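After this come two complexes, each holding chain A, first together with chain B and then together with chain C.
Moving on, here comes the complex of A and B:
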């Protein structure tokens, strides 16, 4: 009786998960489907879930020279942001974990409060700052903005992770003769690797797909990042859905690939702090 | 190699005073054991010597030099932690060699010294493993090897054997003692296990509530405990303590009386070790009681006897097992009686 109820529960949960998965994956599926449809097909009635004559021509058009420039820009901006954010977050998280001042916990709260303002609310002041600093249409402006946006969460993620490391390790290092910097780089950082991976992937995903800042701060094609570049296919007189979706697929692929490669470490990094801390 | 001196050390954590005005001198090459129940301040005392905690007041000297202001890494000592403190991301060899690496010892020399230290604690075959792949005893030996890979002025050991099973603990205890003799390095060892203290120490310092209760060689402490706390802490089984009253050279207890010429008037506690009591025929001993338990330990039998309100342990030969409930009479060895006053402080007695 009990076993049957448990089984029924499991089946229900699985069904609900399946439905949830479908809802989440359907747009993604549609993106891939449309990207494979020839120009005449997206609006064919009745609509087809899968193209009648799948073609790669959209991909050929999407992968034009500008696209390669956008791609490179996105890589430059994202990688810079990931490196800077993770480095700063590691240092800040260590300070927040080990130093014992009451002020720090207040600052830690402020850090997360800052995160609650939507990007659209802060974009105008940031735009003005960027403009008066003469940084419009540069990589620096985007990297600065992205570091600002991702750093708070990154600090929180890494702090949770570091708090779970036993204090004895640092004490052992001190006894062994290591100074604070050596302890940080040779003991703390290597042990935080799962946390670092999780944080880096998070920062990468946020940065890679960011649209609003990228659109506002860049004005010439040679500085655009991928999400803005996709916009090229939305013209005044029509939207070229096939190429739009093909570009979207191309943009998503690297992030999905990285996520799958690092999936295990990512999940470990997310949960480690929570369970042990 | 060095002497250590603690001079009127006080340690407070907020409103809580953990160590009260503690002064202690440790001789060069001495194996000193800090012994006491948990929360007695022994670990805090060691951490202050290590430089991991700062004393609230007082001076710490290592080899005649004040070290209060020195960071742990500049005190030239090695420490074995209770939970080992091994670096999980390094191999056994890297763990052992880390103190050398930090001190910029050339790689070739480092390898030789790591190997020597590892061989000394029988780890040579495991140098390429990581701590997670080792058993508790092996991890403990890695921590030990990391401590002996250098020749520090001082070894500190914080309950290094407490996470091992009983059998392994006995083996490691002997190895530790041997190792310390060999290296002839001043060692401070913290434990709550009186057997470890008795077997390892040149000198034991017994602490309670942040104060030293007694300091002396294991034999001294066993023969002449300074107070009832020490008497009840040292020995297995601990000393039997019976409270009664003294009057006219006689100790009076609900279950009998004992002639002790020096006993003062009023409330006193009588202490007798289990091996200083004999079970004799009814009416022939000092006190009468009933057998409560009889445990064969192999080479001896431990008889528990209910004597008035007290339970007294008596050690007898392996053939001396008794029936529970049997009435007995206890005869005390009059040369080995310990008398403590109402506050538990030693007044007289004990073996010279």
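Moving on, here comes the complex of A and C:
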């Protein structure tokens, strides 16, 4: 009796698991399936879930020259942002966790609160600043904006990580005569590696998909990033859904791959801060 | 770092402080100033108009619509995303075959770039070619395609569902981590006392996660209120303003019509709403840490 009930419970849970998996994966499956359909097949009504004659032709057409430019732009902007944000966040997080004086903790609160700001509410003044500095349609404007919006979260993530490092190592280094800079670079930074990986992946995911700033700061095709490019495709290629889905897959692949490679460290680093609050 | 390294401390903090103040706090003041000026496509030089734009906007049907939409959008996305995320976390916390894979897959929608998710859902909602209508039609539930995003009464609901799909994985992963941090002994003690799964959930698990739940609700509220990509790509705020929320309205007024002043008025109101939520967030957080230390 009890065994039967336990088995019934297990079957129910597995069924629920299956439903959850379907909810998550069905849209992905549909995206890939449509991207593999030859140009006329998406128009079959009702739509078929499985591509009858799979082909890569959509990918070939999607990878057109302008798409390659967007891709390169996205890589340049994202990689620069990740490197700069993580470096600056390491410095700030270290100061915030190790030095204790009142002004600093006020500043820390102000910096960390900034992660909750509505980008849309400040977009117009920022746009005007960028315009008057003659930085519209440049990588610099995007990287500056992205570093600023990702820094508060990055500092918050790394601070949680550094706070858990024991002080004894630094004290030992100080006794051995290492200055604060050397202690930071040779002891703290290497110890923070898991936190750095989690933060870098987070910043990459956020930057890779950033839309509002990219949409506002870039107007020329040679400077646009992938999310803005896809948004343009909707209008330009109307209902060429096969191509649209193929470019969607191409855009998503880099972040999904990196996410899966570093998944374990990433989730641990992300939730450590969120659970601790 | 010791006291004598104060200059070093400032050096370490300076870049972050500079960027955040120049590119976030200063523009926030800029938005307030901007809201007192008027510009348009024909008159690009700003002209001081005082509170005229406020008078025009506050009380207009359009403004009421945006406030109402923002409320509906934020409320339903947050509640559904957290409930679904929590339920999924409870499920993934069970010992079942294949659970490791599921835990890795669950974050996929969150990793997917926002614009891509929006394009994908726009296609799924397509009246003729979309997956959703195709499935419903082949099941015989409807006999003609529904225009999920073009029908003013249902467009917001459709956008909310897409946003929940994109957002619930994040809540799920946070809740899963919190579930795993709950003391096993407490749960086992409850089992010994004869508590069924529902009692365990209500009496042990939920009280233990109170703080995480409240903070997660507030954080997702702030993020959802600010969420631009999904609605902009799905509907551009249409049809007939049916899905315009603060971020999309600001963008449309500012960059679509070059009415910077009016966009800034909407900006000021969204800053006020956010300030309220941030105050709440810190109120809850300091409450929590006080409870912990006492």
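As a working rule, the second predicted complex is superposed on the first by the 242 of 277 C-alpha atoms of A that agree within 3 Å, B and C clash if a C-alpha of one lies under 4 Å from a C-alpha of the other, contacts with A are read in each partner's own complex, and residues count from 1 in each chain.
Going forward, a contact is a pair of C-beta atoms (placed from the backbone, for glycine too) under 8 Å apart; a residue touches a chain by one contact, two chains touch by 3 or more.
Computed from a predicted model, the values in this text were never measured in an experiment.
When the two structures are aligned on the shared chain, A:175 is found in touch with chain B, with no touch to chain C.
In the superposition on chain A, A:151 makes contact with chain C only, while chain B stays out of contact range.
Touch criterion not met for A:202: it reaches neither chain B nor chain C. Look at A:241: by the touch rule set out above, it reaches chain C but stays clear of chain B.
By the touch criterion defined above, A:161 reaches neither chain B nor chain C. By the touch criterion stated above, A:67 is placed in contact with neither chain B nor chain C. Taking chain A as the reference, the larger set of touched residues comes from C, when chain B and chain C are compared.
Taken together, the chain A residues at the contact with chain B in this complex read 166, 168-169, 171-179, 182, 187, 190-191.
Residues 1-2, 5-6, 8-13, 15-17, 19-20, 23-28, 30-31, 34, 88, 91, 94, 96-99, 102, 104-109, 111-116, 119-124, 126, 128-131, 133-135, 137-138, 165, 169, 173-174, 176-178, 181, 211-212, 215-216, 219, 222, 225-226, 228-229, 232-233, 246-248, 250-251, 254-255, 260, 263-264, 267-268, 270-271, 274, 277-278, 281-282, 285, 288-289 of chain C touch chain A in their complex.
Against chain C, in their complex, chain A makes its touches with residues 10, 13-14, 16-17, 20-21, 23-28, 30-31, 34, 42-43, 45-47, 49, 88-89, 91-92, 94-96, 98-99, 101, 104, 107, 110-111, 113-114, 116-129, 144-145, 147-149, 151-152, 155, 180-181, 205, 208-209, 211-212, 215-216, 226-228, 230-231, 234, 239, 241, 244-245, 248, 251-252, 255-256, 259-260, 263, 267, 270-272, 274-275, 277.
Looking at the complex, you find that chain B touches chain A at residues 50-52, 71-73, 77-79, 81, 83-89, 98-99, 102-103, 146.
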